[in-house]
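Two complexes come next, and they have one chain in common, chain A, joined by chain B in the first and chain C in the second.
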Partner chain A sequence: MKRSITRLLMAPSVLLLLAWMLVPLSMTIYFSTINYNLLYPGRNNFVGWMNFEFFITDPGFWIAISNTLILLISVLLITVVLGVALSALIDKPFFGRNVVRVLLISPFFIMPTVNALIWKNMMMNPVYGIFAWISQSFGLEPIDWLSDYPLMSIIIMVSWQWLPFAILVFVTALQSQDTEQKEAAQMDGANGWHIFRYLTVPHLARPIAVVVMIETIFLLAVFAEIYVSTGGGPGYDSTNIAYLIYNQALLQYDVGVASAGGLFAVLLANIVAFFLIRAVGKNLTV
Partner chain B sequence: MAYLNITDLQKHYDNYHALRGINLAIEEGEFIVFVGPSGCGKSTLLRTIAGLESSTGGNIELDGRDITELASSKRDLAMVFQSYALYPHMSVADNLSFALRLAKEEQSVIDEKVKSVSASLQLDKLLERKPKELSGGQRQRVAIGRAIVRQPKVFLFDEPLSNLDAALRVQMRLELARLHKKLGTTMIYVTHDQIEAMTLADRVVILNAGQIEQVGTPLELYRSPNSRFVAEFIGTPKMNLIALDNVVRESNTLHLKLLNASIDFPVARTRGPLPDSVVMGVRPEHMHIVESGGDIIGKVELIEHLGSEAYTHVRLANNQTIIVKAPARTTIKDGEEIHISLEREEVILFNQNDRVFSVIAEEACHD
Partner chain C sequence: MTLTQQRKLKTLLVGLASWCVALLLFFPIFWMFITSFKTELQAISVPPQLFFEPTLENFTVVQERSDYLKHAWNSVVTSFGATILALIIAIPAAYSMAFFPGKRTKDILLWMLSTKMLPAVGVLVPIYILSRDYGLLDSKLGLVIIFTLMNLPIIVWMLFSYFKDLPKEILEAARMDGATPWDEMIKVVLPLSVGGIASTGLLSIVLCWNEAFWSLNLTASEAAPLTAMIASYSSPEGLFWAKLSAASTLACAPIVIFGWFCQKQLVQGLTFGAVK
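Take a look at the complex of A and B:
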């Protein structure tokens, strides 16, 4: 009796959540199997796998996949390596540590669109950007980052955005490291590097796994930075899967192919997640 | 010239004076125990010797070498920490060999040393395990093994047994005593437990508020403490301290007046002039319940039966309570009035500054 009442009372929220998830998913699956282009209304006939075929044979498809993976792996590497190094540096007390910490965390509070605008207009602009000014003060030709190194520029922006998250997690983890262990190592003749290598890095294995997992979820879907800065170009040079789907749906008005791409992105995320959990997941169960 | 010499060692924190001029000479092979209440500076002193804290004055010499400013790894000391501080990601074998590997010893030498140490501590079957797969006692042995493997000049122990349960603590205490006998290496041991101090030490250093209160063998501290602090700190239950009503000197005898009683005490057993007010100290085991004719009379408030003996809490006429040790099968009941006699030779007298001005009977004879 009691049980059925609890179920009854929970039902609305459970059903709402279920519908919230199921309706878009089934609509996406449905759209991916019909001919649905906003430019040709009324011709919504069933086309089977054709939308998937169009998406996969799109000239940008393989470039987008490789861009997505390059972006993911580069940003993970940069944020984890720099994150560990910077957190270890600011772990010891020094004058102004709190200010430095706040400054290191602050990029996380800036929204991705603003982040991209800052980098595009204030840092990387070949005429009045800071990088151009630095190059010129050394007498060098300024680099047009967004057109010459578009993917690299995106990687820099996204890393800058996500480094604070890694630092936040690692600094917290370092504070839980046992000081007596470090002192014991010190008496055993370990220098700073030894302590970092043999005690701190193993201690950070779990937080690193957490950072990699969480960042992966968000990095597979990077969109705002690309949209605001390079627009996926030049050509397909900085287009990732998320941007390619947007391109199909809203620039070519082909909802069917975009839906097929969306399902493909789900597939890709699952493949990455599978390998990721195998690689770092065992750290989490310890 | 002693093996380890500590001269006028000072340690200031920002607004706290932790060590106030420590002077101590330790001979090679001695087992020294630092003991004192929490906050007395015993751990700070050990960590300063270890080089984990820098001193702000004075110096430390080990085996003729000034190590005051030396890095802790270069001091030839090994330390066993309270939390054991085992490296959690390394196996027992790697924990034991860490220092040797850092010192770039040959693999064959490392294997040999790890093997002999693990055999002597019964760790040979656990070498592949990680610290978290070990019991408290096993972790403790790994921590000790990690110190032994380096063959240091001095072992430092920072309350190593405080994380163990009572039974294991007694066993590890014995093992430590055996280890010291076998290795013969100088050991410095910090504890707040006076039983550990009494049973393990060749000499005990009692610290109070950043200063050495008294140094001596366990028996010296028990029989002739310098001050009320030491007298109260050593011995369980605590020494009874009874403020005397009056002290009258009559030729070679002091009459210690307490309530209706008068206890005779030879003047030969005192030093210096007679202070204005005197406190008498007698340990519970030096008081005896007698049928009649005792020195003082009191009313039993409570009896604690420990099996091997019974502690009788007695209230005197001046409302002070004292503890008297009684035989195990005592028939005394609560509320009963009892006569207590004191062992004269074990009575200690304190002056108004809480310093002892009496001497023990044997020493008085030599004067």
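Take a look at the complex of A and C:
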């Protein structure tokens, strides 16, 4: 009796998520095996593996995979390392600490499209941007960030967005650190670095795991920043998997190939998720 | 130098360093904000101008050119609508998992989280086609449905971790008094976890407000929320930085201020209560 009620309460969430997962996924699988271009309707014959072949042999395919992974790993490294360092920096009270906190976390609330536009125009523009002005003040040639270092530009934008999240989580975690333990270590003659290395960093293991997991979910799917700033270019230099598929589906109207690409994205995410959820699942108390 | 002096100096240095980093990270936002009060000519002047006579003209132009208020309204409707809907669906599920856990509860929770791992782009095509076939393309209702499903796993997780922390004795007392599970949820659990539900809602609103993938791909002029409206300013022709900044400031201000007030709850939310 009690059992059936609890099942009933869970049913809407479980069924909706099941549908949200299975219906589009099975449609994607089906589309990926047929010839389906929105420009040529009515020619939806079965083509087997052709769409997959087409997607894999796309000149951008391997570049997109490597860009996706480079983006993921770089942003994770930047945000976790800087996040730990900065949260340790602002852990102790100082003048105006609350204001500093508010300033530090603000980029997290900026929407991705705005983020990309600010950086693309006002920071990285080679003629009028702030970076160009700084280079010129030092007598250097301004860098055309988006054309010369497109992927790095995207990494900067995305890291700027996610660093505050890491800081916020680590600051919160540091507050629960045992101060007595730290004082005891100090008494025993440990210096600041030792305390940081042997007490603070281990204490942050779990928050780091959480940050890595949440960021990975969002970083594998970076789209708006690329869409607004570089458009995946020049060439394929800043195209990731998400953008490559978008390109196939909505710009070339090739649903079949885009679906095949979508399945690759799912596969890639699953490989990453398999390791992540295993590692992090242990860390989350249920 | 005495020890207290040394300590004071250290605090001062830490403070200075923190302020420098914070100002550096905040600078792009600050710059966007002040550029929105410049004329187009001042906006692209080299060297950049820090002092100038502010104008409000950009804001009126943005309203006229892209109907800011309509898109802001779309953002409000979709993020609040999706949040409320998702809470209604998620509360019973989280409640039953937190208070009547079975053998499979942990598996179900992890499975839900894994649906978040499914990249949106993998299902873009079918969702696009389904939306088109059911007339949900470029409609607020379509976005509300997608946002609800998109955030449902996170919302269930968050609520679950809040409910789990409630004292079990209160529930047992209620059960002794003959309360049914439904009564328990409505009359005991909900009033006790208003704070948790509120922060879950806040997080969901922030995530919906800033969501860009679905809103860029599924909406056009009618239902486009602010994220999509801003993207229309990315056109390369002409330099409209002042107007772009004004539009961006208007789009971000509500949620940034909102975020300042509830940063604590957001951390707990985003980390599923694993970091306190």
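The working rule: the second predicted complex is superposed on the first by the 256 of 286 C-alpha atoms of A that agree within 3 Å, B and C clash if a C-alpha of one lies under 4 Å from a C-alpha of the other, contacts with A are read in each partner's own complex, and residues count from 1 in each chain.
Keep in mind that, in the parts below, a residue touches a chain if its C-beta (ideal position, glycine included) is under 8 Å from a C-beta of that chain, and two chains touch if they have at least 3 such contacts.
Quantities reported herein were computed from a predicted structural model and do not represent experimental measurements.
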* Once the two structures are overlaid on chain A, check if chain B and chain C clash or fit side by side. => fit
* Mind working out whether A:A184 is in touch with chain B, chain C, both or neither, as first, second, both or neither? => first
* Answer with first, second, both or neither: which of chain B and chain C does A:V100 touch in the superposed model? => second
* Asked: When the two structures are overlaid on chain A, which partner does A:T79 contact: first (chain B), second (chain C), both, or neither?
  -> neither
* To do: Give one of first, second, both or neither to describe whether A:L199 is in contact with chain B, with chain C, with both, or with none.
  => first
* When the two structures are overlaid on chain A, which partner does A:S159 contact: first (chain B), second (chain C), both, or neither? -> neither
* Mind telling me which of the two, chain B or chain C, contacts the most residues of chain A? => C
* Put chain A at the vertex: what angle do the Cα centres of chain B and chain C make there, to the nearest 10 degrees? -> 70
* To do: Applying the touch criterion given at the start, work out whether A:N247 contacts chain B, chain C, both or neither, answering first, second, both or neither.
  => neither
* Structure fact -> Overlaying both structures gives a minimum C-alpha distance between chain B and chain C, in Å, of 6
* To do: Would you mind listing the overlap between the chain B footprint and the chain C footprint on chain A?
  => none
* Asked: Any idea which chain A residues touch chain B in the complex?
  -> 178, 180-181, 183-190, 194, 198-199, 202-203, 205
* chain A partner contacts - residues on chain B that touch it in the complex -> 50-52, 72-73, 77-79, 81-83, 85-90, 98-99, 102-103, 146, 150
* **Complex interface listing, chain A residues touching chain C** => 2-3, 5-7, 9-10, 12-14, 16-17, 20-21, 23-25, 27-28, 31, 86, 89-90, 92-97, 99-114, 116-123, 127-128, 130, 132-133, 136-137, 160, 163-165, 168-169, 172-173, 176, 206-207, 210-211, 214, 217, 220-221, 223-224, 227-229, 241-242, 245-246, 249-250, 255, 258-259, 261-263, 265-266, 268-270, 272-273, 277, 281, 283-286
* Residues of chain C that touch chain A when the two form their complex -> 11-12, 14-15, 17-19, 21-23, 25-26, 28-29, 31-32, 35, 44-48, 89-90, 92-93, 95-97, 100, 102, 105-106, 108-110, 112-130, 149, 152-153, 156, 180-182, 185, 206, 209-210, 212-213, 216-217, 226-228, 230-231, 233-234, 239, 241, 244-245, 248, 251-252, 255-256, 258-260, 263-264, 266-268, 270-272, 274-276
